[in-house]
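Should a chain be cited, it is by its letter among A, B, C and D, assigned in written order, with residues numbered from 1 in that chain.
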Amino acid sequence: MTIRVGVAGATGYAGVELIRLLTLHPEVEVVLAGTESYQGQRLAEVYPHLAGRADLVGQEATPEALAACDVVFTSLPHGLTMGLAQAVLAAGRRLIDLGADFRLRDVAVYEQWYRKAHTAPDLMAEAVYGLPELYRGQIRGARLVGNPGCYPTACALAAAPLLKAGVVESSGIIFDAKSGVSGAGRGVSLGVHFSEVNENFKAYNIAGTHRHTPEIEQTLTDLAGEPVVVSFTPHLVPMTRGIMATGYFTLKADRTTEQLVDLFREFYAGEPFVRVRPAGELPTTKQVWGSNYCDIGLRVDPRTGRVLVISVIDNLVKGAAGQAVQNMNLLFGLPETAGLQHTGPVYP
Amino acid sequence: MTIRVGVAGATGYAGVELIRLLTLHPEVEVVLAGTESYQGQRLAEVYPHLAGRADLVGQEATPEALAACDVVFTSLPHGLTMGLAQAVLAAGRRLIDLGADFRLRDVAVYEQWYRKAHTAPDLMAEAVYGLPELYRGQIRGARLVGNPGCYPTACALAAAPLLKAGVVESSGIIFDAKSGVSGAGRGVSLGVHFSEVNENFKAYNIAGTHRHTPEIEQTLTDLAGEPVVVSFTPHLVPMTRGIMATGYFTLKADRTTEQLVDLFREFYAGEPFVRVRPAGELPTTKQVWGSNYCDIGLRVDPRTGRVLVISVIDNLVKGAAGQAVQNMNLLFGLPETAGLQHTGPVYP
Amino acid sequence: MTIRVGVAGATGYAGVELIRLLTLHPEVEVVLAGTESYQGQRLAEVYPHLAGRADLVGQEATPEALAACDVVFTSLPHGLTMGLAQAVLAAGRRLIDLGADFRLRDVAVYEQWYRKAHTAPDLMAEAVYGLPELYRGQIRGARLVGNPGCYPTACALAAAPLLKAGVVESSGIIFDAKSGVSGAGRGVSLGVHFSEVNENFKAYNIAGTHRHTPEIEQTLTDLAGEPVVVSFTPHLVPMTRGIMATGYFTLKADRTTEQLVDLFREFYAGEPFVRVRPAGELPTTKQVWGSNYCDIGLRVDPRTGRVLVISVIDNLVKGAAGQAVQNMNLLFGLPETAGLQHTGPVYP
Amino acid sequence: MTIRVGVAGATGYAGVELIRLLTLHPEVEVVLAGTESYQGQRLAEVYPHLAGRADLVGQEATPEALAACDVVFTSLPHGLTMGLAQAVLAAGRRLIDLGADFRLRDVAVYEQWYRKAHTAPDLMAEAVYGLPELYRGQIRGARLVGNPGCYPTACALAAAPLLKAGVVESSGIIFDAKSGVSGAGRGVSLGVHFSEVNENFKAYNIAGTHRHTPEIEQTLTDLAGEPVVVSFTPHLVPMTRGIMATGYFTLKADRTTEQLVDLFREFYAGEPFVRVRPAGELPTTKQVWGSNYCDIGLRVDPRTGRVLVISVIDNLVKGAAGQAVQNMNLLFGLPETAGLQHTGPVYP
């Protein structure tokens, strides 16, 4: 079986990473590389690293063309996928949205944070949140997957074992998060100008203003079984790839680092893409660079009664394209690791 | 008047930054550049950027040689300054220690965190903590100054107006801090190998294990007037210079960002080296690069009842050598900004 | 005496570096900060590192406003200064152009390389090339200075002693040059996107197509006393500041490295901003970072009969704003180093 | 068939990259991970990115243990492989040396440049230079392969079509080369300290003093059919991976860029790992990052009668471990691309 795949938004950074991963996938043929800016151009002209690897020409990603694919990945600015999704699903195809249109379940929350009316609330209700480690069962039967944001992936995987086991308070949670620049996409602006980013470190959209906040809270609320409000603080690191979430949780009762490492190991036992570090070790972003792994380390602070959890991902892989392929594998009953085994990490 | 200055540890990164600043200082002559590794060598050979600027030869920093200087700066591993200090003070000279031997007041705390007996507890009691914005009065008359650590400088200046005004809880404070690599010094190790640091981000000494923790707590306890315990979490950023402290504080009552910005502006009114950003803006590390500034921005998060404070410094200047010069200026009755006006920031 | 200075193009990278240097200059007051994009805005809003240092508001740089200044610096895209220059000089003021309009003497060469008609050929004839180490005498009496390009500064200073002494062939000269990203200016484009530049190295405008080629050749022709054609090959380094020119010259007769180092030292004796490394040492870009220095090292290759000369500058200082201030000092009979002593290098 | 592989020097950067590639290779089992420093430790402890991918424990790489493997890769400081090679070959096994002991054919040249006696001159004579694009036929039947240096790979592939076709002079050739820091290996020193390398650019071992010079000349002499002496000038780029060689060649007669691009395309037709850019385009190092590709672009400079050739590789892959796997594939009659298809490039 070969899955015929269409990608809308194939020339952004998440899109081209999808192309890299899909061309390595043994069961996939990319039949449509949709692009706004480079229609008619060979992808290898736009991205010379693809020369000899992906013989694709950029096309317009019309609803009709997408609806002819077995599965569609959309990597578009929020608001643009709503319409496409209806056409694709109506044709009996499946869609995995790397954008923000189908991550949140509550239309009001979407409209409050994204300041845009949602035109497909029924699909929003149907969509499954594509974080396989937490929602695998629902993803398997889904037609429409909202692929998680990069920060929410790192935060949710750091929090899940603790909240599920009820060993930490669900209030007062903080995620101090740090991201490489590729998370901002390929669009040009002063904010991604090398001379402004290099040898610089900055915070942005702090104090509950970043759009990933409600997405993180939605998952943590699921995990805790009660409403969770978090402090989420993103920062920009002078590097291209990588996200670290530094999570602060208040322990309900004394626990040792070793006990909690065991808790995490049990929770993620059998997960192909989550690696829990032994007590005394912490992961760094480069250790997952180019791969679909999420690495997690933690340490209890007995002085403050908190446990700190450090999780790292490659924002373009587990935080975007790799997780989307993982979801596709689930949708099509393939081994979850298909096409994702060879992609990294590359170190140093 | 020319102040005759000796530097012990002139060839480490903080030491050589001292040399840069002192050679720009109108009232100073460096008469002793002490070094362990480069005795008899011209400093401009070891650091060619100094060619034509500092015609100094590395010497052994014996207690006798140091005691002949008007003021001594020590930038040595902890434990090495204790002995030197006694000789220098006995000769009627002054000493500013950029190391850790005279920052803490409590001998037991020092010995617990630095795992070393302190051999000059009387001097420890006498020493003044050299953070001019908070301890200016005491510094003026001091013989011995413990120059603050880099992280504690950024954290204390972020916290001071809030704790002093009593608008935040003194419990539950978190400093999620990020530093450039030069903070680790010039010593070679795998941890500072370019290929390990570049395109990488890591946390280290988290959960109350970093030695700057008790130093931060000592100052915050002074400010709050009651014992303060903090979560301090350092991270390493792939850049050379710069520290950001992201502080999390719980508000006792509702405040707006604007109100708190005003509070900070009043608190730091007249301070030559603290710049408070207007509401809506946050500082980045590069905006203070090469300078003695501490820039501060903040934002209230009404969803969580917290205020986030972002402070940035250049770890080698306000976090080490620049602050030491500022302290020297206070000791000698010079304008506090003498020799520090021309040093930066350099941008981009 | 206070020189009243106007800057047209004060918010580009070269312009804002000028502002940094001019505010440190003891004899200067900046009375006009001209800007296209930020009129009516405080410069410290656009560039927060200037807060507390330069209390300037962006204005329109009209010919009339500029003509009211004692001296005008223009840092504008080529073609825009021609007209302004006429107004400024007609008012009896002086102008230093950091752009390309007055560097070349031959109108035809200008029009060939810049593909634009030159509307002030008489001023082009009058203008002096502002490389003080080579044209100091002419600069002193000038009204109009064409401030050299960044690459040409590094290349000319590397070549001058050799060509002047006639020890190398004037044919076959190669400059393989490398620049940090700030040389491309503050404008946004994919070419300066952090994710494209970081962990990447590229060549551009090679094989005699870069506009600095005729400027380099003009100076080398002056030095050699016969027409010189060079290979000039620029590359982009993933760093913000710094240029290195690696020059290849064919020796006419055997020389040792030591002999040629002596030649360079004699040639540059007394020069405040050129530092020649001893035989066996080579300069790196960071050793001049933030400063007006040009550092030079060289080595003879007896196997090939060539001498390699390595010169480094900070492209924004000696390659732009610093050299412009040096030229202003010459125009106004000030010490050549005025305002340039405190600006760097900053290391590490 | 599974090839049982031993690696001596598995924990250096080239060694661990070998481990990454070999664990992705469908026909290989790594049975021995030799290491000096980490014997008895799990490789995934030393290099956490390998967790879950390579379940290997560091061992002593004794001659006996190596001689039990089907093929041995040695990635050791020069001088250490000579002895091992004799034991391995005597046992009827094959050896691919990533070090310098078997690259040069002439014992005298080796001893002059490496200042060490060569104790296996007979094996040196037998060894084949492992640059498949130029010596594929000889590699196929070899027992002992000297895997090329990183710089020589980039230089030889840039020069080969020109010299083989005789369109350029064999004299006066220059390679101005630039490398990322990982080429210096994992050993710690001030030269690889992040604070010394970051935001810095330097030249080193210039003017015919780098040990890769005779290796480049050996291959170019083969290609030209007459003795070739080159100028080879290495530089250090503040990045982890990547080499660019900028080659300067004097044309014997006029050629257009298009003609020479055609020449290169014909020369490298069918080569799986060489990609020639169309006229008007040049490769950047990141476009081959993590992969075994060598990308080449060129441009004729009619003003100087030269052609400039730009070649880029990943120094740890095509410049070391990837090329070694390519050689192994040739030795064992496997498809030359086996195990190398999935390794990159990763962009951005």
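The rule we apply is simple: a residue touches a chain if its C-beta (ideal position, glycine included) is under 8 Å from a C-beta of that chain, and two chains touch if they have at least 3 such contacts.
All figures in this text were calculated on a predicted structure; none of them were measured in a lab.
S.K.: By the contact definition above, name the pair with the higher C-beta contact count: A-D or A-C.
M.R.: A-D
S.K.: What is the distance, in whole Å, between the centres of chain A and chain C, each centre taken as the mean of its C-alpha atoms?
M.R.: 46
S.K.: Can you give the whole-Å distance between the Cα centres of chain A and chain B?
M.R.: 39
S.K.: If you average the Cα atoms of chain A and of chain D to get two centres, how far apart are those centres in Å?
M.R.: 36
S.K.: Give the residues of chain C touching no fewer than two other chains, as numbers and ranges.
M.R.: Only 13, 180, 182, 195, 198-199, 238-241, 286, 289, 348 qualify.
S.K.: In graph terms, with chains as vertices and touches as edges, which category applies: line, ring, star, complete, or other?
M.R.: complete
S.K.: Which residues of chain D touch chain B once you look at their complex with the stated criterion?
M.R.: Per the touch definition, chain D meets chain B at residues 13, 180-182, 186, 188-190, 192-195, 197-199, 238-240.
S.K.: Residue numbers of chain A touching chain B in their complex, please.
M.R.: 172, 174, 176, 178, 180, 195-196, 198-204, 206-209, 229-231, 233, 235, 237-242, 244, 246, 248, 282, 284-286, 289, 299-304, 306-308, 310, 312, 348
S.K.: Which residues of chain C touch chain B once you look at their complex with the stated criterion?
M.R.: 13, 16, 20, 24, 47-49, 51-52, 182, 198-199, 240-241, 272, 275, 277, 281, 283, 286-291, 293, 295, 341-348
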